[in-house]
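Please see the structure below; I have some questions.
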Amino acid sequence: MRSNGRTDEHQLRPLSASFGVLSRADGSSRFGFGTTEVLASVFGPKEVRIRDEKIDSATLQISVRPLNGLSGPLHRLAERQLRDLIEAAVLASIHPRSAIQVTIQVTGDDGCFMSAAVNAASLALLDAGVAQRHLLASVTLAFDPNGTLLLDPSLKELETAKSVHTFTFSNSNDAVIAGVSSEGVYSQDEYKQACTVAQQACATIHSFYRKTMEQKLAPQ
Amino acid sequence: MALDSKRIKGPEKSFVPLPLLVQSTPTPTPTSTKTKGRIDGRGTDEVRPLFATTRLVRQASGSAFVEVGGVKVVCAVYGPKPVPASKVQDHHSGGRISCDVRLSPFAALKRKQFMKEPAEHSLSNNLHTALLPSLLLAHLPKSQIDIHIQILQAQNPTSIPPNAFVSSLSLLLAPCITAASLALADAQIEMMDSVVGCNLGIYRNPSTQKLFWMVDCTEEEIETRSNGGGVWVGNCVVGVMPSIGKVTGLVMDGDIGDVGFVMEAVQVCVDACAKIHEVVVKKALIESAQAKE
Amino acid sequence: MVNPDTFKKLHPQEFHRRFLGKGVRPDGREGLMIDLLNLTLVTPNRIHRNCKRKCARSNGWNTVICGIKAEVAVPDTNHPTTGYLVPNVDFPPICGSQFKPTAPGEFTQSVSEMVYRVVKGNNILDLETLCIEGGKAVWVLYADIVFLNYEGNAVDAALLAFTAALKDTKLPVAVYSDVEGTVRADAADRSVSLDVKRVPFGATFGIFEQDGGAKMAMADPTDEEEAVLISSVTVVVDGESQELMGTFGAQVPIDLMDQCIGQAKKRATAIKKL
Amino acid sequence: MNTGEQPVSTSERNFVTAALREGLRVDGRGAYEFRDLAINLGDGGYGSAEVLLGKTRVLANVAAEVVRPNAANATEGFVHFNTSFSPMASPAFEQGRLTDEEVLISRMLEKALRRSRAIDTEGLCIIAGEKVWSIRIDIHVLDHEGNILDCACIAAIAALLHFRRPDITVEGDNVIIHDMDERNPIPLSIHHIPICITFGFFDNGDRVLVDPTHLEEQVQDGNFIVVVNTHRELCTMSKAGGASLDVARIIQCTEVAAAKAAEVTELVRTALSKVIIRISIYCQHINQFITKVQ
Amino acid sequence: MTVVTPGERLGLAGEFFASNGTVEVGDHIYASIVGTVTTTKSTTSGELDTIQVIPTKKTMKSSIPEVSSIVTGKVLRVNPRMATLSIMVVGDQPCADNFQGIIRVQDVRATERDKIQIYNCFRPGDIVRAEVISLGDSRSYYLSTAKNELGVILATSVAGHTMIPISWEEMVCPKTKAVENRKCAKPVAIGESSTQ
Amino acid sequence: MVVLPGDIVPIPESEQTVRVGPGLRQDVANIVVAKAGILKQSVTGDRVWVEGNQRRYVPQLNESVIGIVTAKHVEGFRVDIGGAHPATLGALAFEGATKRNKPNLEIGALVFARVCLANKDMDPELDCVNPSNGKADGFGEVKGGFMFKCSLGLCRSLLDPKNPFLQHLGAICPFEMAVGMNGRVWVDAGTPKQIIVLVKALLGSEAVPYSKARTYVKEFKSDLTSVE
């Protein structure tokens, strides 16, 4: 029996997503795996400082802010990984010499805040009407000490995990890994197993996006 | 102290283990035979062997590595590059240089935090004043030359609490000046002459209360404060353009005796620098020039 | 009319694409999947008194020095017997004109974090062996990795320098005296060596698109070649047990990723012999 | 005019003042009416509160850890406030550089909550000189639609009231920290609840209103902040610059503030009580404040 | 070929004319860089021979823009009053760090200077060859493209293909045949190098 | 039919040339969705676009916008129109403006103008002249009244001639309105109270379908007509 009532290892916590949460931002969204919740906001295309200006595309300014405590190198790496993902997803060449600012605020952290951040960022870009090639869905997996693969682990499960993997897939081509970041000690077949389970989990998240979007737009 | 949130953090405070009460293998201190001789048997005006080479950092326009005694210094020169807009005075006055000296965390006995220390600021400023007169900056209008120095090993100036600041200055400034000038020459920056640095310790003989000097003191000579029977009371570092024979940088502090003594000490340093220049610096430059054929 | 340097400066993408089209590398390394890095191990002759081990390492033209200093500290209240292993990667302005003398930017911090993720916990060292006196004093190993010349592919070079330095680190026997509450050790003693469980070896590949759109990987991309890359993949393999210790990547097809892992494992064994 | 913030046109400026002369506000509120307040207490852990005052949104989070006290006052715990203005709140909040508005707000919060001794630091001591609790309150401003200070103050108070630290037992000099499920976690001992009321004034002092929106803040001639608790005790007061205000008007405002404070505390109480966490312990903890007010 | 280091005395000031690589201090000429000394006889009689030190390093040190030197750069920004360039190559020497230069609207062309619409001359991303006319202000050099062989030497069309110049003010995209106007440089014959 | 970025739009075989509207892009062979929204097809089937909503304005040629003057220069004004770059408005870009009599706009003035240059490489340019007849046609400075910000979708619906809300509100109380495509709407009516109620009604109308317009507007009838 896993924490918060989940029976099967490969079961996601209840997903939650909402749009237009903030009034000042051009686009905003909140995404959650159970109690892990992340708020993402998008400003742009907006004015950029001469220093960061690029002549052929928009400059992506990513900022990840933790719930409590000072932000450290962990958040800088999260920002760099998010930028690699979003740079491939957003058609930045449409708005040269401008900035697209994505800000992530963790509002509840019970494990896998990074995956929630990727999903929230992708939905916020959708809400802001920024042209994108594809949407991103991310999920985290962990191998517990006796080798079983847990999907969407909670904080307790992460503390005792042997290895933790975060996979991101796009909705247009699931043969390409949009992003992967894994740590700890694991074998190549464990990596392969995690990759296939992640593929299906991301597919369910993509269909969850579509359902939420239909509810938002369909009633009109 | 403010924890540096931009680095991987270890424990709050950590200490260097204290030496054992009874030294397991007591190192015998050899009593120097020569009256004015030193622990390592050098004469008062003899200079330690100095190893210098160029072309160490491929990315830089010019670079140099200098090793003397326990001190290892790497210098890289980038330039000429555009002057940052904030720093431009009247741009017709020719180029400018900016110096930045850094101690590596593993350079000294105690692991140094990544924060900048006062010793690094004073080293940068003194280096800047020592190099400026030698460079022909008029040939490079509106541009800036960045001189970066990374001290890989500095014996342990920070281990002597009272005048750690002073001894780190005297020990490190001289090799920095030599390395910087070598790197500038390697970067083909036009200069009147290369600049060589040398330090000199001033000791007072307890019995005769007379001052005497020792050229190119090692860290032990400063730390143990007794050298050839004298007590270490002062310190002097000189930067010299050997071929033209002009002194470009002079830092003296402590009890440096009367004017006569000071002139004599400076002259000794100038001769020592000329020797270093002749034997080591020119050879290094010529070697690296030929290597580029 | 246009010499190669000027062409490379004005059109970096075009310059590298033409080379890669023919599978040749502009810096003379042949082939995309070069097997053995040209690795020179420079160890300064004199080990400084307290600093355990220093070695400079240059793969290709990256020159990097890792110095490990051992000090003593009071352990964390809720882990009284675990020591600390604190890795930090630093890019001083000496190693490249793109690094400013200001505080570390996002690049420096993310490389430090990547190395920390590979090295943290008991992956490399059993931190319990660093305990001098439970609850009172433990060893802290500060591993400071400083780049002297940086030309791309930071994580691989940093891990190489780190493992070389760690293998040669020797700690003195430490004595904790309750009376004084201090730790004493003989400075010249070099008796206790560390038992290193795993040797992390990093292999980074650049992903680029062939003319036909097929994605290919090239080993050990330099800073200049990054102009033509879509993304990069870093695989960290344990030299001894061939277990994976880290896979970081973006925009890479699943099969190409497996190829990179296989290639990384092959190169890890080659490096172990060094 | 700070960069990034959208400029205000003269017609908007004139309209706001003209409407105020007729006692009207752009969003239809009365002069002394607060925007509707919603407090969402995270169902995850204890001590996090997201407060929505109209459209202004502030998230506060409280965390505690055991640390060594500093020698000066060995029996006192620590309370750290950290206000961070997230770039998501408004294009004017840049990474790094703090505008003077942000500095003023974080300083006011510090005065209102910490210096006013709202939280009892003596109670945070575990072993004098050895171990004390250090409480860290992070305040994140997520959406800037005006009057961040009042919203942040309510968020901090709600988070502090909602926060529970694990129970501990002390044997000799080692401390056992019990898990949340073993022993009922313990709330912080809070002396009083300071409530911050911000007044904006227009037409150089003739018109005064409570809880200004972002547009009203950009148009106002100056503001005047009163922090008062439910026992009608004044914690801090600030009138930093802007047009001058005659003394009678200031006294009248503090009267209004005192009444408003009771009203807002009532709102905080209902929001907290709506959250089902061992309501029994909860309510009598709050009631001791309320009974004194009647 | 003796290699000299900076500070070495080469000769008396009276005998030689000190050219690059050397410096005159007091009445002597000293070497100012590392290299080999060469003295060239002066062609016109009465003139002093010139002495110079040529650096042995294969690549010359990165040069900096001086007045009337021909530079090549990439257009960063265009606004109605000027185009901002990042100077990447001075003469045929790439410089380590890019300098910033601007082409004011009145320096774009020698003819009809007041009817110039700058976005018909330059677009961001174009590679432009220009001449330095002054050291300019604190941030950038002032450049001009008022000669025939100066102007855009390479531009990519909206569709992303390298365009071919068809007249001094028009370029055509090979794929979409779309014509875009630029202030083009007269293509220089391959052999002849354009640096003065 | 709701579409998300990355979906491929099926092209009807009958049509050879299909004109791709906003929210879609061409990727080698097929048309791919770039923005989320509802896929719309023109009756004749040759035009396809995605109807979505956003708040950030990207300047397009010939769109009328409301700007705020932020700086005055000799040759014109700098105007903030809510886009990525500030727009420039030439001093001569007004009806009947000559070198001698130039319009004087103070900083902070509201301007209703037309985008006459929109290019991703350059800052947008505005003018206050209708290109077809050279007249001002309502362009130029806008004084008094009140300006509120809203989503671009609401602006498009307010500019739709068939919009029932405007007719009903107009019947109850006469008001002037200028709608900028950049998410800014200027309103003026008799008394400030009426303007406030109008703003509330217009902002609320975004969530109300056209069919329920009449009942929705009736609620505001009392506030609009009561004379304070």
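Here the chain labels run A, B, C, D, E and F in written order, and each chain numbers its own residues starting at 1.
In this section, a residue touches a chain if its C-beta (ideal position, glycine included) is under 8 Å from a C-beta of that chain, and two chains touch if they have at least 3 such contacts.
Here the structure is a predicted model, which is why all the values come from computation and not from measurement.
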Most distant chain from subunit D, judged by the mean position of its C-alpha atoms: E
Chain whose mean Cα position lies farthest from subunit F: B
CA centroid of subunit B to CA centroid of subunit C, Å: 31
CA centroid of subunit C to CA centroid of subunit D, Å: 46
Where subunit D and subunit E are represented by their mean Cα positions, the distance between them in whole Å: 61
Rounded Å distance between subunit B and subunit F, as computed from the means of their C-alpha atoms: 68
Where subunit E touches two or more other chains, by residue: 74, 96-97, 124
Touching two or more other chains - residues of subunit F: 121
Residue numbers of subunit B (touch at least two other chains): 6-9, 78, 81
For the subunit A and subunit E complex, residues of the former touching the latter: 53, 55-56, 96-97
Subunit F residues touching subunit A - in the complex, by the definition given at the top: 2, 4-6, 23, 25, 32, 34-38, 52-56, 58, 83-86, 120-121, 209
Complex interface listing, subunit F residues touching subunit D: 68, 70, 80, 82, 106, 108-110, 142-147, 149, 186, 191-193, 195-196, 199-200, 228
Partner subunit F, residues of subunit A touching it in the complex: 26-27, 43-47, 91, 94-99, 126, 128-135, 170-172, 209-210, 213-214, 217-218, 220
Residues of subunit C defined as touching subunit A within the complex: 106-107, 109-110, 112-114, 116-118, 121, 123, 198, 230-231, 238, 243-254, 257-258, 261, 265
